[in-house]
Amino acid sequence: MADISGKAVSRRIAIAGGKIHLGEQAFSLLMEGKLPKGDPLAMAEIAGIQAAKQTSSLIPLCHPISLNRVTIHSVPRPDDHSVELFCVTEIAEKTGVEMEALTGLSVALLTIWDLTKPVNAALEISNTRLLFKSGGKRGTWIHPDGMPEEAQAIVKDLLGGL
Amino acid sequence: MADISGKAVSRRIAIAGGKIHLGEQAFSLLMEGKLPKGDPLAMAEIAGIQAAKQTSSLIPLCHPISLNRVTIHSVPRPDDHSVELFCVTEIAEKTGVEMEALTGLSVALLTIWDLTKPVNAALEISNTRLLFKSGGKRGTWIHPDGMPEEAQAIVKDLLGGL
Amino acid sequence: MADISGKAVSRRIAIAGGKIHLGEQAFSLLMEGKLPKGDPLAMAEIAGIQAAKQTSSLIPLCHPISLNRVTIHSVPRPDDHSVELFCVTEIAEKTGVEMEALTGLSVALLTIWDLTKPVNAALEISNTRLLFKSGGKRGTWIHPDGMPEEAQAIVKDLLGGL
Amino acid sequence: MADISGKAVSRRIAIAGGKIHLGEQAFSLLMEGKLPKGDPLAMAEIAGIQAAKQTSSLIPLCHPISLNRVTIHSVPRPDDHSVELFCVTEIAEKTGVEMEALTGLSVALLTIWDLTKPVNAALEISNTRLLFKSGGKRGTWIHPDGMPEEAQAIVKDLLGGL
Amino acid sequence: MADISGKAVSRRIAIAGGKIHLGEQAFSLLMEGKLPKGDPLAMAEIAGIQAAKQTSSLIPLCHPISLNRVTIHSVPRPDDHSVELFCVTEIAEKTGVEMEALTGLSVALLTIWDLTKPVNAALEISNTRLLFKSGGKRGTWIHPDGMPEEAQAIVKDLLGGL
Amino acid sequence: MADISGKAVSRRIAIAGGKIHLGEQAFSLLMEGKLPKGDPLAMAEIAGIQAAKQTSSLIPLCHPISLNRVTIHSVPRPDDHSVELFCVTEIAEKTGVEMEALTGLSVALLTIWDLTKPVNAALEISNTRLLFKSGGKRGTWIHPDGMPEEAQAIVKDLLGGL
């Protein structure tokens, strides 16, 4: 675990995004609220928040940090029967917060998997990416492919603009 | 958390697979053992094993189970500068073991992310899928797209054939 | 931690019950779905399930066990502006499952507290009791004061009658 | 998990209180040090301290914080054969510390339950309340019913007076 | 994590032993119950039991198992101002229980360290050894140097003799 | 858990050291990379780092802290067929960091034990000591017996000299 004692404290935000492809049937059941084990999106939100707080116990070289904010946003994508999730993390410390966003995102996606797998075993998670980070020595970074508009709206809401 | 008391105990195996796209530079540094924070594949293996054991504390409706086996296998893919991982889980209990394989896989992929992100912020995890499961009421299931040959070899090694 | 190696494995069920008194305003906001931080009952259910699985790491002399079932049931009580929760746990092992039911119940009640405390700081949790247990050497036990009808219905649903 | 980055850091103290009703026989055995599994009050103190430190992993929307102090105080109440516990938490951060006090208290009470249940299955936990908090934007708050004298003494000891 | 699915279930017991050297002053304060932070031996017992249950989350290749018994025994050794601890673990599973005994022992010793370090910074833990194991394919094993008489008494108590 | 709110924040470093005696055969197999379960030193490093981060959940009165650095260094000692480990922890907080160094060290040593025990059941951990600490009210402290030269080199590297 690298030394971070010389780094400056600054407000840091990260947004990670990714998709779970449910297939037509599971996607319809999700949209209609008919999945047998409860509401996957509500449960994914809580599981993702809890997991983001456990990042340093899951990823060996991550520092334990005091997250100021974790939120999970879900956007159904009827075109390809997927749900896209965004996980936003924020901190005022000496180290970045990307791994927390990615860990919260991944566990939220896996929670949706767990609740839809009785309907479709051939699920797929894809496009797990860091979309945005700000703060720290290197300042604001946006993924070279840009961000989905929902992620842009989150940034606008948090920082007043890109 | 659903009742599983009426289910039969059987030997159950699951294999999950997924890829992390590193880009040309980070992939080369990984292959040459020159990444600054140590060997990502060795660390990913341990982190993935540890995470698979924590599945029930991460995924809300997963039952706590006593895993008999967790292994992580990594295969570098020079064609697209990615590393493909497989996580194999095995159990002799009343409930399936897919979520444990997927959780071990996801945390192993995130550990590689953490160790290569100083070189490339635009990493991507994709193709997270359940490839194989056996045991339980429904018996053997193989992903409709088939399995990479490395995953086929794992099954052959564990079960003596497909 | 006492030796349980000589005990017989049997199906064991426990039901714990307890109430959180919200006061008139917070109770109304909860019923109308207008509390600022989201739906306390949905979140309490997940938090209680997760906590029941962590019982042996919280209560020093509790054995680690593989729960077959954890469910949380919430019943609003308009008469005294409270919510009554029931936590049901089930196992097929050598040791009882009361502490798991009580731990799941307590954390579920605390989760409702966390989400309603912005409205009322003078909340109160009361009546935390074991209502029912079955299985093990001593067989079925019902609290001397009897059980609320909702808990009776749970027992009927699980065991076909009292 | 709400954003707390804009809040001021201040010294915050919380005291939670609650009772476990043991019944005459278990209360006598506890007072005489004759309970079969060891000293419940000593064990409850340690379990409560440990649990208070785990609050953010138990209560979904609680922020991970660095507690400066956790103490558990137990007061036997021969009148109703109960033990009353107080859990005091202190922090210098941007967020309150009530849930930590309540979580430490609840797990301490459950630990006494676990150690007295061989004698009496019909135990009851009641009167779980926040008694006092200080610090933060809203300043000092005392429960409208006042505080037991033991809790008043704790506040006096910590803050030099009410 | 190695495959254990083919192994037989048997009653397995392990005893680990080790010493913490306190120095004359800290040893005297411990014996007189005058250490500032409470009773180290009582706290060490609970911490060791809790840690033994967490072994599989601490030691990467340890299987998660359901311990039937964990006990910690402490023996003051005035001759060299040390305290010798024994940790006994028992299980009925397919895998051994030595690492659980060693983990419980080590954390119990560290807990005594934490409570005596205000008096002496030059503490030392030594002689951490597996003293005894029984059950499994290889049957009973005793450390080639033999066992202290207190450990022999524990074995006699559990198994009726060596 | 003692109150630390009045203490000053300062850069604090601790180094703990200890040895595991492997015996001739296991030491040779370790040196030749021929142990059956993988590379113990690499795995011990990761397990030790992870454990140091969990110190406050293992040692009852340890405060939860945000470690800035954890590193594990291993030095084979062919003379007595042992491996000596050093665990270095660093923090900028109000409380010391010795227990974190000792916990990381102990779990790293136990991980080597777990991977070499198939070859030798009569392993031994000894000489677990705090070697060095700096920062805090009392300033720099070195073990009265001095430090091995490898630990001296670590201090020189971190602080530019003793």
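The first chain written gets the first letter, and so on, giving A, B, C, D, E and F; residue counts start at 1 in each chain.
FYI, a residue touches a chain if its C-beta (ideal position, glycine included) is under 8 Å from a C-beta of that chain, and two chains touch if they have at least 3 such contacts.
As the structure is a prediction and not an experimental result, all values here were calculated from the model.
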Chains contacting each of chain B and chain D, listed by label: A, C, E, F
Chain whose mean Cα position lies farthest from chain D: B
Chain pair showing more contacts of the two, D-E and B-E: B-E
Selected from D-E, A-D or A-B, interface repeating A-F by over half of its contact pairs: A-D
Centroid distance [mean C-alpha coordinates] between chain F and chain E, Å: 20
Centre-of-Cα separation between chain F and chain C, whole angstrom: 42
Separation of chain B from chain C, taking each centre as the mean of its C-alpha atoms, in whole Å: 34
Multi-chain contact sites of chain D, meaning residues that touch two or more partners: 2, 43, 46-47, 50, 54, 60-61, 64-66
Contact graph of the chains (line, ring, star, complete, other): other
Contacting chain pairs - touch in the sense defined above: A-B, A-C, A-D, A-F, B-C, B-E, B-F, C-D, C-E, D-E, D-F, E-F
Chain B residues within the chain C interface of the complex: 1-5, 56-57, 60-61, 63-66, 93-94
Footprint of chain F on chain D - complex, ascending: 11, 46, 49-50, 53-54, 64-71, 90, 92
Chain C - residues contacting chain A, complex: 39, 42-43, 46-47, 50
Chain A-touching residues of chain B, taken from the complex the two chains share: 2, 18, 37-38, 43, 46-47, 50-51, 54, 58-62, 98-99, 102-103, 106-107, 110-111, 113-115, 117, 121-130, 133, 141, 143-145
